[in-house]
Structures are given as C-alpha cells and as structure tokens.
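Two complexes follow with subunit A in common, the first pairing it with subunit B and the second with subunit C.
Let's look at the complex of A and B:
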C-alpha cells in the first residue's frame, strides 16, 4: 500500500513539474499583463486592464496584427492548395522517383527557419525584390507547404481510389473528380492542415523579421517593443497572440473533430 | 438500354504474367452473365478491361458491334459497380445516385426525380437524405446499384458485389439483383468465385481458370454437361474416375479404369474429339449414385464400397464411400437411407448421367 502511495505521489509530482515547466512561462506572461505598475516583475500588483487598453490604442500594434492575419490566412490558403495538389499527385499517379520527390517535399520541415529565411533573403536581393508582406508570405508558404502536404498525404488512402474511379466512370472529368469528390472527401485533413499552418504563420518570428521592412507582422512588432525594455504592455500584446493561437486551435479541433464524426 | 458484348482474342499481361489468354466470348444483350472462377483466374482483370480501367495488351472489345477497346471508362456504355461500393461519403443518397446524371448536365429537378425513382427501385426512397455511413452493408450495395443504373448503362459490370454481405443477406440480394436485372433489361456481367451464387443468378455462366475461359453455358448445362474436369469440379461436387478409352462405336464406349472395363452408354455426355486410346475422366455427381435397390435403365456397377462417414443434411444424406479402387467418392442419398458406418453398399451409378471428360 505504502509503495503504491509513493508511486502515485511521484507520478503526480512528475506531471505537475512537466506541465509547470511548459505552461508557467506563459502563465507568468499572462499574469503580468495585468500588472498595475510600469515593470512586469515581482511582486504582482493589480489587476488592471490598462495595458490591454494601451495595446488596442497603439495603431502600429493593431496594424501589425492585421498584417499578421493577412499573411497567415493567405499563406495558409496557398500552402494547403499546393500541399493538397502535391499529395494528390504523389498518392494517385505514377511519377518518376516518387520516394525522392516525397522526401524533397517534406525536407524543408527539417531545415531551420533561420536558414530558410537567409536563403530567401539572398534570393530576393539577387532578384531585386524588395522585402514586404509578400516576401513574408512566400517564406511562410515555404515552411507550411511541406506540413500541409505531409498531413494530407498521410490521409490519402487506397480506399478512396475506387471512389474517384467510380466518379470518372460516371462521367466526371479529372477536375470535377478533384473538386467534387477528392477535396470534399479530404476536408477534415485539409481543414486541419489549414488551421495548423495558420497558427504557425501567426506567431512565426525569424522569417517575418528577416524578410520584412516597413510593414511588419505582430511578432516582429513585439520584438520592437521588447528592445525598448520590459513593459506589461508587451505582456498584454503577447497574451493576445497566445489567445488567438489558442482560439485557432480550438476552432480547428471543433471543425475537424465534428467533420470526422460526421463522415 | 442494353447491348451485346463481344470479346475477341483478348490478351492481357502484367509484366511477364499473362492474366488473360486469347479470350473469345460473346454475351447476349440483356442477359445476366456471371464470370466464375477461383481467385487469380483473371475474372476481375477481364471485368476491368471491359470497364475500360485497363487497356488490354491485345484483342478487342465490342459493344453492339462497336469497338470500344480504346475508349475511356466514362465514354463507353459500361458502368462498374465496385466491390467496396465506392459510394461518395460526403453526399447523401440522392446526390450519390444523381451524380452520373449531374455529370451529364441534367437539371436539378430531373436529377432528383430520376434518383428518387431509382432509390424506389432498390427500396430506399425513404432514406434519400441519409449519408452512406448511416446505412447497412446491404443498403449501401443497393445505393451503388441505383447509382450505376442512373446513367442508364448498356452493360453493368459488378465486381463481387455481394462478397461483403453475410450469407442470408447475400441470398436475398441475389434474388433482388436478378429481379432488377430482368426489370431494367441491361446486360449484367457479374464476377464471383461462389458457384452457388453463380447458379442462383446467372442466365449464363462463364467459367474461367488460369486466364482462359474453360466453359460457358447455362447453369444447368455447365452442371450437367461440364466441358472440362475443372468446371465439373468447380461447379458443385464431382467424383472423377481416371481411365482410358479402349473402343468407341455409336452405341458403346468402352473404357478401362481401376474398376476394370466399363461399358458406357453412348448417350452419356462425351467430350468432343475423344477417341480410342485417349486418357479420360469419368465424372459423376453425388446424386447420381443409385440408392441400394433402385432399378435403373443403364446402371454402371462399380462393386462394393465401404461407408466411411455419413452426414445428415435434412433433405438428404451424404456418404463418403471407400470404393474398390481405393479412392473416396461422395454419394448423396435420400433422407430415408440408413446405412451404418463401416457397412458395405453396392456402388452403382446412373449410366445416363455420367460425363466423359478429357483428362487434364
């Protein structure tokens, strides 16, 4: 009995430590965004919402938030379309060097964002393309397409081949089959990869930092705030980023989960 | 609509493996044909070639005299009903059935009307708004049938459509399939490895083995006059006695077997091109063993046999007999037959039901 009691205690402590380690920094960040003083350090005074008021009144922060949203939505859309088409091609057609092509498509997942950003920066310089939201978007498509491809490809099973074949047999063209049968059938994984790509793009910093100039995304703007020293306002902005990420994940969970239950 | 199917010198190879060898076949318009054979015999390959999913290595396929060998699936008069039904999971039954008409540009109203009619034909019109995953296996099968018929094909190709159903449902669906085929008049070509299913539904059975057609005919003629030892053994139970022809005239065929010389009546079914000296098999069905004491016009006497085992089947009894040649034969005797294990009975056959087949 005593031994079991010790075991339970130990596993509980272990779990508490693990989750504490993961979530304490975020908890502290959020807590001190309600700090009623000029510095987000101990001891905690407050609570107050004035820093959130300051964030929402800061037109540059709001502008960067809108920028982030534009980049996240459009780059994720493009990533999903590219990833889906690549997955369809590799899952359904005989292609030369199929294994190699699949490896090439997923390889960027293993390359650090810093390297990808540097490479793109050099490329854009050489091409004379000036840095803007567009270049950030391109960077995010580069990192998210492999992800979307991997998720959608993993869900493309052989059992769907006969379904597509039946559609063609009944008179559907290649495009009709793709749009009316394959894409709706793959909707759960398409939505899952879209929302995941969106959260990745939403709080991505290195690529956005190196490939932006005047128009910046929210993480880059927050980085700018940090350089002028610690302030609970930065905490409030960070908390908002976190809140929206969580919101996206919940949305993905609800939509994808509900879809999966239905089909 | 309906069409005659002609297959001429069709050959298909997968790499070095020849799946179909020189197949020549005609299937009459409006008939229910069944491709029957063990797995790997080429029946499914033949169906894929007919459906246009495989281009044959050689030979041609004609629908009502028109060569469709190079025509893609959607453009030829065939529609395939897949083994796993391949229903569209995200569409309700109405949209599933209406998909073919939709691809043909029919108006929404017309599609709806057409789909409801077909769902009614298969008894599912009250479930029109349901999705495939809400249905049972048998219901899905019906939806697949309705969807395939919605494009009004000349020829419907069915790839083991009843394979996934339990026995009782399978028997019920067989009757329904047959009834629907007779109603719509479309040529049905159905693939199965189940000889009972083939007998239950087919107007015409095509027995395949090793990529060739080994027999073709009505269920009755294949059962009673099989063309080869393979089709005899595949369609029901067959007892085979090896032998050699000694002499033949218009009245009698004399063969020598382990049972000694047998004088067979020439009225029994003899393969064409069998002559003196040929190695043959004498084939008899379990029900062609005469119950002891029966009087027959042309009995063939094979001496005494020992009863090794008996099983009561309700309507009949089945005996395993160890005959004088040392082989085991199966006999089907009336319900009332009551012979003990290890006792002896005379093994006598109805001479007019025998089939003499070329040995393989």
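Let's look at the complex of A and C:
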C-alpha cells in the first residue's frame, strides 16, 4: 500500500514538473504581453492591452500575416495534390523503379531546410528569378510534398482497390474514379496532410528568410522585431500567433477527426 | 496495338510525373547546382569556376570551423539523449497511469506549446533564461544565488530550448508507440513471474525501440540543421554549423563556401541515417 502511494506521488510530481517545463515559456510569453512597462521582465506591472493595440496597428506585421496565410494555403494545396496523385500512382499501378521513385519523393524529408533553401537560392540566382512570395511557395511545396505523399501513401490500403475496380467496371474513367471514389475515401488523410503542411508552412523560417525580399512572411517579420531586443510588443505578437494556430488546430480537429470517427 | 500500349503507359505515369518533376526541378537540380558551386570560389567579389576541393580542405584547416561542427554534433546528441530520457516517462505516465478518457486531453496539453510560432518559442525561452529573466529573478530573490547565472547566450540555453521542443514531439511519438503494444505482452510477462521493472526492461522497452529510434533520428536531424534556436538562445559565443553557413551567405555572399559547408552538414545527417537505417523503414499498412 505504501509502495503504491510512493509510486503515485512520484509519477504525479514528475508529470507536474514536466508540464511545468513545457508551459513555462508560453506562460511567461503570454503574461508579459500584458506588461505595463517597456520591458517584459519582472516585476509584472499590468495588465494592459496597449501592446496588442501596437501589434494591430503595425501594418507591416499584419501584411506579413496575410502573406503567410496566402503562402501556407496555396503551397499546401499544391503539395496535397502532388502528393495524392503520386501516392495513388505508386499504390495502384505497376511502375518500373517504384523503390527509386519513392526514395526520390521522400528524399527532401531527410535534408535540412537550410540546405534546401540554399540550393533554391543558388538556383534562382543563376536563373535570374527575383525572390518573392512565389519563391517561398516553391520552397514550401518542396518540403511539404514528401510529407503529404508519405501520409497519404501509408493510408492507401489494398481493401480500397476493389471499390475502385467496381467503379471502373461500371464505366467510370480513371479521373472519375480518382476524384469521385478514391479521393473521398482518402479524405481523412488528405485533410490531415493538408493541415500539417499548412502548420509547417505557416511556421517555417529559414526558407522564407532566404527566399524573400520585400514581401516577407510572419516568422521573418517577427525575427525582425527580435532585433530590437526584448519588448512586450513581441510578446503580444507571439501570443496572437499562438491564438491563431490554436484556432487552426481546433478547425483541423473538427474537420478531420470528426470525419474519422464517422467512417 | 503499339498506340494503346503507349497510352496505358502514359496513363500510369501521368499521376506520379508531376510530383517527380517538381522534386527533380526544385530539389535535385538545386542540389546539383550546390555541389557544383561548392567546387568554385569567390574571388574578388565574383564567383569563379575553379573546379577544386579547396573549400573542403580549407574546412579542416580552420579550427573555428571544426569547432562549429563539433558544437553542432555535441549539442544535437545531448538534446536527443536528454529529450528521450525526459519524454519516455511522461509518455508512459500518460499511457499507463492517466485514466483512458483523460489521455487525449493530457496528450494535447503536453504538445500545446508546439503551436507557438517557432521563432517566438526561442524568444520566450530568452525571457525565462535572460539575466533579468524569470529564473534569475526567482533564484536571486530566494537567495539561492547572489550573482545572476549567465545561461542565455550559452550552449545550455540552446540545449534547453531544443529539449523543450523535442520533449513535446517525442512524448507524442512514444505515446503512440506504447498504445500500439498489446497489453497481453505485459500480462504474459507478469504471468511468467516478471516484476514491473523486469517487464519494462525486457519486454516494453525493446518493443518500443524502433519507434524510439525514428524519434531519435528525427530529433538529431532537425536539431543539427536548425539555425534559429542557437542563434537566439546560444548567441554568437559558440557558433554551430548552420550559424557559420548563414554568416557565409549573409555577411560575405560567399555561396561556394556556404555550399561546401552545407554538403558537410548533409554528410553528418547521412551518417546518422546510416546508423539508424535498420530501424527506419517506411511501410504501407
């Protein structure tokens, strides 16, 4: 009995300590976004909303947020389409060199973003392509297509083949089968990979940093804010981004996992 | 006849071709460019096609570059080990000790700060660890220390920032691994007379090892290639390889040198991959 008691105490203390560690920086970030002085350090003199006002009045910050959203949505859409089509082809057809194709498609997962960014930077320089949101988007599709491919491919079960065959027997074309049969069946993993790709793109720094010039994304803009040192305004911006990401998470949860439970 | 065969071949290929072409154009080709670039030199503000390995041999002649590589490897290895040691018990507690209906909530809570922006997360740790940060204020006020600790701008801060991120990631993956195990394994071990510790060491741990290795590999790779965390938290006293690469690009526009350093970084990652390869298999369910 005593042993059981000690065990429970130990596990509770351990879990509490680790949860504390995990939440410490977020707690400090959010707390000092309400700081009523110029530095986000102790003692806490608050609360005030003036730093949130400052963030919302910062047009560059808002603009970068919109840029991030545009890049995240469009690059994730393209990644999902490319990844889904490739997964379909490799899971359903006989193709020579399947192993190599799979290796090539997933290869970018094992390479650091910094290296992918540098390679693209050198390529675009050589071709004379100027850096913009488009080049960031290209970079994000490079890192997210393997992810979407791997997720969707791993969920393409053989049991769905017969349903596709039935559709073809009933006269559906390849594209009809793909769009009306396979895609709806794969919807949970398609949506999951889309949201994952969006989070990655939304949060990605180094590719966006090296491949952008005048129009920047949110992480790059926040990076710029950091140069001026510790400021409650950065805390407020960070807390807002956290809030938006949590909103996205809840949206994903509602769209993906509710569907998963239904099927 | 020939025509239809050609058509079916095209029908098969057309779905995979877009992704393959994209990967070749924006991943393989840039990589080839980078390899070529690493053999060239930047002389007098211009990039000259010299075709030699000097960028690589220069690396081993410069102690500060070797130091940066060693820093990178040391930091990434310690982060991987510490994160695994911290995350495994937490994942185990959530999987085995938390009531089933609360597990999902416990897990979501454990990874919630994951969704703070990546740049912001490092900044938040700076607030905690800085000279006037929470930790120092607390320790000074309680009289545990008299001088503020210089944790920020050192490798300790970098390691703490990384560990925070990867504890969340690894808790998630290890939890998933533990839940996949049938409870019958533990029951069988108990029936055969093994105590809880023996069951853990000889049954549960070996069975979750493949998942752990995937997580460890991911941690190491993401860690060693990261620029932001060491830049914000570690400062510029002890550089890591990505910082050196960024210095070449930013300050000097020395693309050949940056390319050579990047390829060295990739070789380290490839080495880690070879070490972990037997556990890393992608399979279709």
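The criterion applied here is as follows: the second predicted complex is superposed on the first by the 263 of 263 C-alpha atoms of A that agree within 3 Å, B and C clash if a C-alpha of one lies under 4 Å from a C-alpha of the other, contacts with A are read in each partner's own complex, and residues count from 1 in each chain.
Here is the rule we use: a residue touches a chain if its C-beta (ideal position, glycine included) is under 8 Å from a C-beta of that chain, and two chains touch if they have at least 3 such contacts.
Treat the numbers as computed from the prediction; the structure is a model and nothing was measured.
Chemist: Touch check for A:203: first (subunit B), second (subunit C), both, or neither?
Modeler: Touch status of A:203: second partner only.
Chemist: Now for A:14: first (subunit B), second (subunit C), both, or neither, which partner does it touch?
Modeler: Only subunit C; A:14 stays clear of subunit B.
Chemist: On the A-aligned overlay, A:184 touches which partner chain: subunit B = first, subunit C = second, or both, or neither?
Modeler: Touch status of A:184: first partner only.
Chemist: More residues of subunit A are touched by which chain, subunit B or subunit C?
Modeler: After superposing on chain A, more of subunit A is contacted by C.
Chemist: After superposition on the shared chain, which partner residues are touched by A:165: those of subunit B (first), subunit C (second), both, or neither?
Modeler: first
Chemist: Looking at the overlay, what does A:174 touch: subunit B (first), subunit C (second), both, or neither?
Modeler: A:174 sits against subunit C, while subunit B stays out of touch.
Chemist: On the A-aligned overlay, A:128 touches which partner chain: subunit B = first, subunit C = second, or both, or neither?
Modeler: In the superposition, A:128 touches no partner, neither subunit B nor subunit C.
Chemist: On subunit A, what residues does subunit B touch that subunit C touches as well?
Modeler: Common interface on subunit A, subunit B vs subunit C: nothing in common.
Chemist: Name, in rising order, each residue of subunit B that touches subunit A in their complex.
Modeler: Residue list for subunit B touching subunit A: 51-53, 72-74, 79-80, 82-84, 86-90, 99-100, 103-104, 131, 133, 147-148, 150-151.
Chemist: Quick check on the complex: what are the subunit A residues that touch subunit B?
Modeler: 159, 162-163, 165-172, 176, 181, 184-185, 187, 262-263
Chemist: Enumerate the contact residues on subunit A facing subunit C in the complex.
Modeler: 8, 11, 14-15, 18-19, 21-26, 28-29, 32, 39-42, 81-83, 85-86, 88-91, 93-95, 101-102, 104-108, 110-116, 118-123, 125-126, 138-139, 141-142, 145-146, 149-150, 153-157, 174, 178, 199, 203-206, 210, 218-219, 222-223, 226, 230, 234-235, 237-238, 241-242, 245-246, 248-249
Chemist: Which residues of subunit C touch subunit A in their complex?
Modeler: 11-16, 18-20, 22-24, 26-31, 33-34, 37, 86, 89-90, 93-94, 97, 109-110, 112-113, 115-121, 123-128, 130, 132-134, 137, 164, 167-168, 221, 224-228, 232, 242, 245-246, 249, 255, 258-259, 262, 265-266, 269-270, 273, 282-285
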